[in-house]
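Pasting a structure below so you can have a look.
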Amino acid sequence: MHFYSDNVAPVHPAVFAAMQAADTVDSGYDGDALSKALDARFSALFGREVAALWMPTGTVANSIALASICPPYGGVICHQEAHIQNDECGAPEFYTHGAKLLLAGGADAKMTPETVAAVADAIADDVHRVQPHALSLTNATELGTVYTPDQVRALAALAKARGWRVHMDGARLANAIVHLGCTVADLVEGVDVLSFGFVKNGGMSAEALVFFDPALADDARRRRKRGGHLLSKGRYLAAQIHAMLEDDLWLANARAANAAAAELARAATGRLVHPVEANELFLRMTPEEAARLRAKGFGFYDWSDGVIRLVTHWANPIDDAQALAEAITALS
Amino acid sequence: MHFYSDNVAPVHPAVFAAMQAADTVDSGYDGDALSKALDARFSALFGREVAALWMPTGTVANSIALASICPPYGGVICHQEAHIQNDECGAPEFYTHGAKLLLAGGADAKMTPETVAAVADAIADDVHRVQPHALSLTNATELGTVYTPDQVRALAALAKARGWRVHMDGARLANAIVHLGCTVADLVEGVDVLSFGFVKNGGMSAEALVFFDPALADDARRRRKRGGHLLSKGRYLAAQIHAMLEDDLWLANARAANAAAAELARAATGRLVHPVEANELFLRMTPEEAARLRAKGFGFYDWSDGVIRLVTHWANPIDDAQALAEAITALS
Amino acid sequence: MHFYSDNVAPVHPAVFAAMQAADTVDSGYDGDALSKALDARFSALFGREVAALWMPTGTVANSIALASICPPYGGVICHQEAHIQNDECGAPEFYTHGAKLLLAGGADAKMTPETVAAVADAIADDVHRVQPHALSLTNATELGTVYTPDQVRALAALAKARGWRVHMDGARLANAIVHLGCTVADLVEGVDVLSFGFVKNGGMSAEALVFFDPALADDARRRRKRGGHLLSKGRYLAAQIHAMLEDDLWLANARAANAAAAELARAATGRLVHPVEANELFLRMTPEEAARLRAKGFGFYDWSDGVIRLVTHWANPIDDAQALAEAITALS
Amino acid sequence: MHFYSDNVAPVHPAVFAAMQAADTVDSGYDGDALSKALDARFSALFGREVAALWMPTGTVANSIALASICPPYGGVICHQEAHIQNDECGAPEFYTHGAKLLLAGGADAKMTPETVAAVADAIADDVHRVQPHALSLTNATELGTVYTPDQVRALAALAKARGWRVHMDGARLANAIVHLGCTVADLVEGVDVLSFGFVKNGGMSAEALVFFDPALADDARRRRKRGGHLLSKGRYLAAQIHAMLEDDLWLANARAANAAAAELARAATGRLVHPVEANELFLRMTPEEAARLRAKGFGFYDWSDGVIRLVTHWANPIDDAQALAEAITALS
């Protein structure tokens, strides 16, 4: 009964089936029919023309996204809790050739126009300071909270007014969509490039990098090759993405994960450090309490002093979540 | 009946089975049991302690290998036909942060101590010139030829005498081994780091980067993460490699590919541009002749004026190869 | 009567004279006698064997220093007010190929072992986080304060205990030395590499980069060339440094600058935002007061809301400083 | 009587005088009147609007030029003898973040449309190959020869037709102009960015980087700062350039250098390896002959087996050149 991370979830059977079916596809790199169909598939999903590239990890999707909208001497404003800042070993700096992450604050890992403007306004407009060129927001956030469409629009409007491009890290985009009940198109208004995550949600090794300005994609294709990410058998990645989108599997999987999280949240109301809007929970808990849960067979990580993190995923049996919910309730 | 590339071969069923079995493995990144077992598995294979990391592509394996043995201001001597020079969109320059490839000649895409020394000796030992720090050889080569263990040793000895490290690009290492009838350990004497290919030989998306000096691997692990190549579900990559090594599947697959190539070579003796020692053939052929083959349903690429390339792989039916051999014979 | 910056000070006549004398030196790059004498000259100054390279700017001195002690995937802890963070347009990221600056706090732009440890302790020791490899401190600081030898030693001891290297940005090192009354050797105990500034103190275009571990210098020489900083007529840079060291001109110049600052500080006691320990003052002042000073012919920059910055230099006539001091006194 | 290199020439007295006059200029970096006047001065010289930035070395001028016209994943076609390929320790790769130099041939270090097209035509237009984005030519060349305006136009036309930008390395541009008797504007038709050299021709530490498309200059200004090349006392660099342009000092100096070279060429007609069109000569000479010249007090470098190089400069006494010419004549 593990709640360590959505990374440890198995691959959905439909994804595996699609990969095996790709065995008969016979062109290399991204020249196969499955890869070539991605642009159209995502264009249909978003209701406008986009370019979509498979990427093996969210880290490279984020990093190439940033490289495509920020020069080496520029800066990207992001939340100080952002994955690109804390969990990618400097991959954004690597792919952008040294651009600087400029850190904004905001409760629950969410930037606001005010916190973003505060960062930008403190930077003199001269050649000595790294100037902001882009804004990167994560939705759902690293702390399990969600930007609403209005909040995204407000940040994108600020960015546009200042001449910046906008990136969204959507490693857990599906969880955000399900929480909001909006369409995916609603949630990316004003966004220039989106890292659309599937791996945490039932996939194996394929994320999509979606450019709402398709003109940016040629540069990204070359950075993908140059980064060693143009797999020679790319058809097996494209197949995963198609399988995830087929019959809205991505939404069904996210719904299951969010439901498990909600089950836990109900049991832990008094302990929640942040609102539970996706599939991550941060709970105040003493080491002794945590030990009691672990003794019952529940696995999870300590997050910080007196706080544990629980992550649910598409394959968590609802029984497991209910059992953990009961165990949490029983602590008090 | 396609002879375009070994990239279009399907994934071997045993590889798929191993990946599905990895569903139950429950730790992220490379913390799972399968990934952690790679060091021991390759140490056993080579008969000495090595460190082995999975990598999603040969391009990144090569590039991180070079970054681990050459500083940004250094140079890597390689053959002018090398994949790292011609087919990776500058990935080596990206990962090394701008190191320079220094191009050596040699018949059949094989460097010799003489051609390597000629490059090095022309470089004045001062701060204005990029100094060689490493030698990179490809075995089997881009032109389907093979360095013998003695030839590798001679090049490695030269490198050692000059203070350089040695990298081997083994995208088709299995084909070389099978051709030579030697052990894999025999073929890497003096090599510091090896890109051990599996994808062209029945795998899907996992190569191994093997460090014969395990102390180099920590740096490489960070470059892998930083390059966006530390897949969160790395267990599915490790599983592929284990499956390929199990019962010497990698050698069996290479034997099948080489056998098909040999079948074709026998039929094309008078047309061969290079010796056929692995699974690639380069044939002199007029456009009219090529058209006749294509009309019969055989697929392959033109290589240069009057030369076509044929590539065989583990899953080519021997009947297809025989049919093509007969069709080539019939041309004359 | 300008107090804008020590960058606008003229070049000291002795420096000019030395440059003209270098006309007769007849070897290019750093092969001339003046450049070759730097190692010995700085070794004598520090009382131990060092390697010293001229550099055209403090920015490149700092950046190459960091590149020589931190890998691309590493981090450098520095104060959030550090010049390398705020005023070099990402030069450290450029020269280190994307290393990350990790920002520590501390009053008056000075880090303490506690603020440094707080940054480091929050970084999990895994491959996902950028790990600290170096500590960079500025002395005198960007806010005109000075680390004492004991304070430097304490920070260096912490760094050493954690396996980090230490860089000191000494753009205004002379001002710190003069304030402390110590020797320059006293102030760099535990430091691995020092950017030794001369340009703000009477020079024109030559700083020294001093390696206390001379083995690091070869790498730095190549990075200097590769950065386009190996001037073909390097003798004119070496000449500047020799002139500054001759008869302790560097100390005399710093004494003059500090004296002017002290004159101003006495007049502004109640307005000082930070202690005045070098040649920079930060004064609380209303816009109206600032306007009154400017109307009297005094030039200076606003620093932030309600705060102005005054910088003195070796060539400020003491009469000017006294006049400004009186004008400040007259404000209240 | 040294003919080693124009790098060892002294600084022209007018340049020194202008630097001393810059002492009274009172703004930092490139905000001073002298730096700000460069755009207008070079616009007048070229008869059209340009942007001109001082740079401390030709290496950084070339490298930033290339970075401004070629992306990290692109390539720059240049002659295999080019300074950017052989003598800058990888600075172009550093500033472009890893772009690749693609080497063309051509007699006397001069590319032709044919040799350039041969390089480009061999590169398949796909994502695996580094694609050419720019052409860089050197005038005068590394071997003392000169492209005529027609030859430059032909190369620029080819570049334009293929969508590439054009860079000219003019480290010895003055020598080429003087040889050709054309205007500087004639010689840069079709060029996008020019490294305009002064240091080899009487300057100390200032070259000009001239953008014929001023829109490219903002990017270059940031790369200059980021490269550590924005000297805080930039006025002393701007002053050098103004002094060199004043009353066509740059042309007078180049005339003197070329005249000395011509004197030597006349004496060495039968020995010349390349035409003598600027201030460099390459002479066939046995070691014994070279020793005889050296015994008479003439200094110069061996270039390759049986070839010596002589370089003249603005300050070579014509008597020295005549003496060497006589000594060469006496050898036969």
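Note that the chains are named A, B, C and D in the order they appear, and that numbering of residues resets to 1 at the start of each chain.
Just so we're on the same page, contacts are C-beta pairs under 8 Å (C-beta built on N, C-alpha and C of every residue); 3 or more make two chains touch, one makes a residue touch a chain.
Small disclaimer: the values here were computed from a predicted structure and weren't measured.
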| item | value |
| --- | --- |
| Comparison of A-C and B-C by number of C-beta pairs in contact, larger one | A-C |
| Furthest chain, CA centroid comparison against chain C | B |
| Distance between the centres, which are taken as Cα means, of chain B and chain A, whole angstrom | 34 |
| Cα-centroid distance, chain A relative to chain C, in whole angstrom | 42 |
| Euclidean distance of C-alpha centroids - chain B vs chain C, Å | 50 |
| Overlap residues in chain A, where contacts from two or more other chains coincide | 29, 72-73, 88-90, 94, 97, 127-128, 222, 225-226, 230 |
| Of all residues in chain C, those that touch chain D in their complex | 2, 4-5, 7-8, 10-11, 16, 19-20, 23-24, 26-29, 55-61, 63, 88-91, 94-95, 199-200, 204-205, 222, 225-233, 236-237 |
| Complex contact set, residues of chain D against chain A | 29, 71-73, 97, 127-128, 219, 221-223, 225-226, 230 |
| Chain C-facing residues of chain A, complex | 72-73, 86-90, 93-94, 96-100, 127-130 |
